[in-house]
Structure formats: C-alpha cells, structure tokens
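Two complexes come next, and they have one chain in common, chain A, joined by chain B in the first and chain C in the second.
Moving on to the complex of A and B:
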C-alpha cells in the first residue's frame, strides 16, 4: 500500500533544544500507527509538525505532495485533522458551534449539514447536549466533541494526541472502541498514547521514540512481544 | 458575503422590525416637528453615536478577545475624511446626497486605515496589540496636528449640522444589524474561535489571519461612521477630541455594558452617555467618574452587565422553540 503520510528527516527545534532529531516514518492508507515513548520523547512535537502547528525541517509528504510549507489551517482542508492533547474544545461555545467550526473548511462547498448529521448519529450524546456550552460537558463528552469536531473536516488522516488522557478506565475503553470504529470506517490514524497496552491492540504498526529519535519500529504484535517494550511501556 | 444575509426567515423578526420601523417614524417626526427639546435630541444622537462606537470596539475586544485601545484613531479618520468631503469636495451638491456619501466615505476610509493597521499588528497579540493600537492612535493625532490644510491642532470646522436624529437612528440600526449578522455568521464563529483558543481554531481549519483582519476592518469601518456622524453633529473636530480619553470612553462603555454582547453595548452606551450628561453640574470632576466607574467595574463585575450574554431578541434562536433547532 502507498503511504498516505511520509515523513523523512524531520527535525524540530525549540530554541537550542532539539525535540525531534531526523525522524523518518510512514503511515500507509487505512493503517493505525502508534508512536510510543516516555514524556519528552518528542511524540507530540511530531504530531504538531505534521499538522503544521510548529515548524520543522525535513519533508512531510501527504498524499504525495510536500506539505511542509502549507499553513496549518490549509492542511485541514487537505484532510489532516489533529485532535490535540487536552482536547482544546471551545469551552464557551455551544456543541453546535464547536462542530460547525470543525466543518469550516467545507462550509463554502456545502454538505456541512450532512456531516453534522453523520457526527450526531455517531455521537448521540452530542445531540442531547447540542445547544449546551462545550465547557459544561463531562470529560468523556468533551472527548466525543473533540473527535466530532475533527470528523467534521472529513479527515483522511486523523492525528490523535493522548486521546485517553484524564479519562476513567471505562471511558478509556469507550474511546478505544470509537477509534477502532474510525479505523473500520476506513480512516487512517496516527496516535500518540501513554496507554501502550491499549494502543498496541488497536495498532497495525508502532514506532518507539526515545529522546527525539526512533529506537524501534515494527508491527504492533512484534513490539508487543519485544522485551524492551514490555519492560519500558507495558509495566513488566 | 454570507454575513449580509439575515440569519432567519423573513417573518421571524417581525416584532423587531415593527419596533425599528416605529422608532424610525418617531425619530423622523421628532426631528421634523421638534417634538423634543434640542438638548434631549442631542443626547439621543450622542447615545446612538456612542452605541456605534461601542459595538465597533466590542467586536474586537469582546468577540475577538483582542485588546484595542486606539479606536479613537479610526473615529478620527472617519470624522476628518467625511468633513473634508462635505466642506471642500462635495459642497456644491445637495446636502441630501452629500451627507450619506460623506459619512460612508469616512467609514470606508477608516476601514482602509484599519486594514493598514491590522496587517502588521496581527503578528502580535494581547498586550502587544494594545500597545500597537495605542501608538497608532497617537500617530493619527500627531499627523492631523501637523497638516495645516485641515487646521492642524486648531481643528476643522465649516460642516453644516447634517446629522439628524433619523440619520443617527438609521446608522445605529445598520450597525446593530450588520454586526449582529456578522457575529452569527460562519465568519463570526471564526472570530469567536480565535477568542476561545487560537491554536484550536487553526487546527479546525479556520484561517485565523483572514478572520481577524475582516473583523478588524468591519470594526474600524463603524468607528469611522461614528466619527462622520459626530463631526456633522458637533460641527467642529480637532485632534484633541480623538485622544486617548476618547478611546478610554469607548472601553468604559464596552466593559460597563458587557463584553461580547450587543445588548450589553446598548446598555453600556446609553448608561454612560446619560450618566455623563447627568453629572454635568460636577464640572470637570465628572471626568473623574469615568475611571472610578472602570475601577469599580473591574472589581465587582469584570465582564460587565451583560458579559457574554445576549438579549433573546438578538440571538438566532429567537422565535424558535428552545433546544429543538439545529
């Protein structure tokens, strides 16, 4: 399969500190890829560089085109959606407004109503809370809203930064079942996740990052059985 | 542009339209038959002009979450451009046409100036933008002071008293209508998303730069309109009129009535204008009331009377069942 996302030689610097050093990886169409690593390994920086929030050197190829110089908001239009760490929903705006903002890039071309229907069928809870302010939602509902907002942009590649962070174990299960549904519907996912055990059951492939460099890569099953991964990330 | 379209069905705002029509008739007959004391008419017109200014600043400070302290500069641009047009350029034409054209041209000029300020200054945010706008209003003031052709620091006069109650009413309604529809449009949602979380706005695909520019230009346009109306009401303008005190007055009206609220802007502009008139017996001391009001406001009600809330008749769900709309 052809890679939908191809990153090569990506380096991200914060001042004099290099958070990501010449990282290369790819995500093939329809795959779920997980980035594993300790805090500060550079996982979030990689996602931010792919979605255009921060500058990076190296190349980011999306569907065969170099998008390294494309501003973040235009990358959304091309099909890259990023659900950031901590969800970052618009707390003072209603669920409706949050979702409509997610469909911003398609608003002039129409079809937003249909997207809205699709998202609300997927997350019936959001329909119940439709006119409520985003900030009044529970943690799990806010996560749904963040997913829903991202889905409104009709993403081809969904970047997820710690989707299970701050959620109860029951909600973590729910989040992963949703991610699995996204995957089954044909979406490509690139996930950064602390909960390595859960992430590896969902993923097809994984990369292990350490201090801004890729240390290991392989299929999820391989990495799941790797003694190093088991010790460092699966708590053995 | 989609924000020019009324947000709802034709008949939905019938009561609001009826009140507006009635108000316009009333304004016409008051002006025509002098039903009210001239002083009361003057105060009413000042309320309208101040409301336009408050809405204009609220768009930037309340809805977009930025902080402009230089809106007097845009008002000055509108006032001077419209006055020069009506006194020097269009003087030979009938005032029936001169006035609306001059005021509109003043607004457009202020909009262009707003764009010129927005392009470089939106590289900065928050405190920095406040400083940039403050510096801008100082530049406007000193530029006018140094152009002898428009009277320099002595000011500019010769305008006929063309601002009447119906005209103020017309422009006030236009400002409320356009800004309200702008806010509830797709672009308006973009403006709100910038206030809420600019990074998240970027990630949802909002072109934050364009959205901010558009809001700023609309805002400065209306500040310019208010300037034109003011100039043709007082019939005298000088650089000193559009100093930091004028900008502060606008801030007080915005924060008194409530940030991010059109109804709040109405309350703020009306309360402040009337209060300032009522305190006239205090002489120069009344100017001490304004900062005092601001201090008390920040302590007891930092978001203002209507902060982030809207009157029902101004919100898009008006005339519909609650919670059932989509």
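Moving on to the complex of A and C:
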C-alpha cells in the first residue's frame, strides 16, 4: 500500500536541544501505527511536527505532497487532524462551539450540520451536553469531545497524543474501542501512547523511540514479542 | 437631584468614550496576552482624522465617523503586521516595549504634521433639549447611542459569528487553535481591526466633547481606558465596558461633589484599592499558568 505519510530526516530542535534527530518513518493508508518510547523520547514532538504546530527540518510528505512548509491550519484542510496531549478542549466554550471550531475548514463550504450529526451519533453523550461548557464535562466526556472535535475536520490521518492518559481503566478500554472504530471507518491512525500493551493490540506496526531516534521498528506482533520492548514498555 | 442626573448623563458620556477605547485594550490582550500601549495613540489619530474629515474634507458627521474608524482600523492592522507579528514568539516584554515605541512614534509623527493644537468646529448641529430639567446635548446623545450600537455590534460579532468564536478560542488556548484549521494570524489581524476601529470612533466622540486636540491627548485618556479594562478584568469584554462606566462615574462624581483636582487622585486610588482585593479585576478570572 502507498504511504499516506512519509517522514524522512525529521529533526526538531528546541533551542540547542535536539528533541528529534533525523527520524524517518512512514504510515501507510489504512494502517494504525504506534510510536513507543519513554517520556522525552520525542514522540509528541514528532506528532506536533507532522501537524505543523512546531517547525522541523527534513521532509513531511502527506499524500505525495511535501507539506513541511504548509502552515498548520492548512494541513487540517488536507486531512491531518491532531488530538493533542491532555485533550486541550476549550473549557469556557460550549460542546457545540468546540465541535464547530473543529469543523472550521468545512464551515464555509457547508456540510457542517452533517458532520455534527455524524459526530453526535458517534458520541450520544455529547448531544446531551451540547450546550454545556466543555469544562463541566467529565474526563471521559472531554476525551469524546476532543475526538469529536477532530472528526469534524473529516480527517484522513488522525494523530493521537496519549489518548488514554488520565482515564480510568474502564474508560481506557472505551477509548481503544473508539480508536478501533475510527480505524474500521477508514481513517489512518498514528498514535503516541504510554499504554503500550493496549496500543500494540490495535496497531499494525510500531516504532520505538529513544532519545529522539528510532531504535526499533516492525510489526506490532514482532515488537510485542521483542524482549527489549517487553522489558521496557510492557512491564516484564 | 437634577444636578445628580445631569452628572449621571455626563458620566455616561465619558464612560462611553472610555468603554470604546478599553475594548481595544482588552480584545488585544485577549488574543495575544499583550498590552498594546499604542492604543491610546490610535484613539488620538481617530480624533485627528475627525479634524481632517470636518475641517479639511468638510464632511458631515456619519462620513467623518466612518473615515476615522476606517483610518484607525488600517493603522491598527498595519501596526500589528509590521511591529507586533514579528515579535509574536519573542519575550513578552519586547512586544510591550515596541508598543510604547509605536505610541511615541505616532505622537511625534502627528506633532510633525500638526505642531499646534487643532480646533474642531461642531460637526453636529449643536443644541440641547430639556428632559425633565436635565439638559441633553446632541453630542451626548450621539456619543451614548453610537457607543451603544458599536458595543452591541461587537457583542454580536464576538458571540454569534465564526470569527468571534475563533477569537474566543484563541483567547482560551492560542497554542492549539491552528489544529482546528483556524488561520490564527488572520483572526488576530481582525481583532486588531475591530479594536482599533472602536478606538477611532472614540476619537471622534472625544473630539466632539473636547474640540481642542493635540497629539498627546491619547496618553492620559489611553491610561484611563486601560485602567477601565483592568478594573473590569483585562481580557474580559463585558468587564471593559463595566470598568469604563465605573471609572467615568467616579471621575464625574468626584469632580461634581469634591474639588475637581481630586478627580484623578480618586480614580487611581480606586484602581489601587480594587487591585488589592480583586487582582484580576471585577469580572476577570485567575489565569492558570499554562505549560
């Protein structure tokens, strides 16, 4: 299958510190790819560089076009959606307003009502809370809102930064079942996740990062059985 | 009692001018967390454009108002583009100091063009009518009603439109707004446009009430409007309006019932006392430190 995302030689610097050092990887259309690694390994930086929140050198090819110089807000229009770490919903805006912001790129061309319907069917809870301020939602509901907001842009590639962070085990299961649904509906997922065991059950392939470099890569099954991965990320 | 109502009307007039200017401070702070100290001078440019409209071009009131608003809007957008945007990721002090510099530049640029104070003849037929003993002038009526219309329009833009939604989102969490597909630079430019336009309108209102203008009128009026925004809670739009009318009332009532030289003393004391008890202003919220 052709890669929907092809990153080569990506380097991200924060001042004099290199958070990501010449990283190359690809995500094929319809795949679920997970990035594993300790805190500070550069996983979040890679997602931010793909969505354009931070600058990087190297190339980022999305659907065959180099989007490295495309501003972040235009990448959304091309089909890249990024659910940031910690959900970052707009607490003082209503659920409706959060979702409408997510649909910004399609609002002028119409069809937002349809997108809203689709998202609210997917997350009926958000319908109940439609006019409530985002900040009054529970953690699980906020995660739904963060997903829903991203879905409003009709993404082809969904970047997810720690989607299960801070959630109860029951909600973690729920989040992964949703991610699986997103995948089945045709979206390509690139996930950064601490919960490596769960992530590897969902993923087709994975990359292991250490100090800003890719140390290992392979199919999810291979990595799941790799003794290094088992010791470092699966708690054995 | 009639004296009191007369002063209340004066307070509403002064408060309206402060409110229009305070909105510009608070909106820019909302989206950029930056105080645009040149904003008082934007207001001054509005007053001078009023002079240009009335005396040079001999326009009538509404065209003068539109000229001042359009001119100051362009000034605000250009200033943001040239002076502030390049410093978006620089330490906050850089942009604030730059805004002080822009203000001094505007004052002296205007001084260069107009070395002597200018007198602006009445642009509206100037007469007063008697409402139950209270004398209401056409200027007062125009100032209060037009400010009300402009503030209502701003309220609708901020709360009922897509652009307003984007402004509120930027004010809440600018860092992730690009991920929504929102062109942040464009929205910030629009915020400057709206805030500056209101400042331009305030310049016309002020020049109608105090028709002798010089390039330094923006300094003290700008500070007063800034204080209004701080009293209400900087970044909060309703707060800016509330603070402006409070400050206008305090100033007018001080001058009416105490020696008028106490006016600024009382106004600034009010600010200091308020900030001790409500450091975030009346309607402001404590900002949590973002990482």
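We take it that the second predicted complex is superposed on the first by the 236 of 236 C-alpha atoms of A that agree within 3 Å, B and C clash if a C-alpha of one lies under 4 Å from a C-alpha of the other, contacts with A are read in each partner's own complex, and residues count from 1 in each chain.
Going forward, a contact is a pair of C-beta atoms (placed from the backbone, for glycine too) under 8 Å apart; a residue touches a chain by one contact, two chains touch by 3 or more.
The structure displayed is predicted, hence computed values, not measured ones.
On the superposed chain A, the positions of chain B and chain C overlap enough to count as a clash.
Judged by the touch definition given at the top, the superposed model places A:131 against chain B, while chain C stays out of reach.
Contacts of A:90 after superposition: both chain B and chain C are touched.
Shared-chain residue A:231: touches no atom of chain B or chain C. When the two complexes are overlaid on their common chain A, residue A:114 makes contact with neither chain B nor chain C.
Residues 51-53, 72-74, 76-77, 81-82, 84, 88, 90-93, 97, 100-102, 104-105, 107, 149, 153 of chain A touch chain B in one complex and chain C in the other.
For chain C in complex with chain A, the touching residues are 162, 165-166, 168-169, 172-173, 175-184. Only residues 186, 189-190, 192-193, 196-197, 199-208, 308, 317, 323, 325-326 of chain B touch chain A when the two sit together in their complex. Taken together, the chain A residues at the contact with chain B in this complex read 51-53, 72-74, 76-77, 81-82, 84, 88-93, 96-97, 100-102, 104-105, 107, 116, 130-131, 149-150, 152-153. Partner chain C is touched in their complex by these residues of chain A: 51-53, 71-74, 76-77, 81-82, 84, 88, 90-93, 97, 100-102, 104-105, 107, 149, 153.
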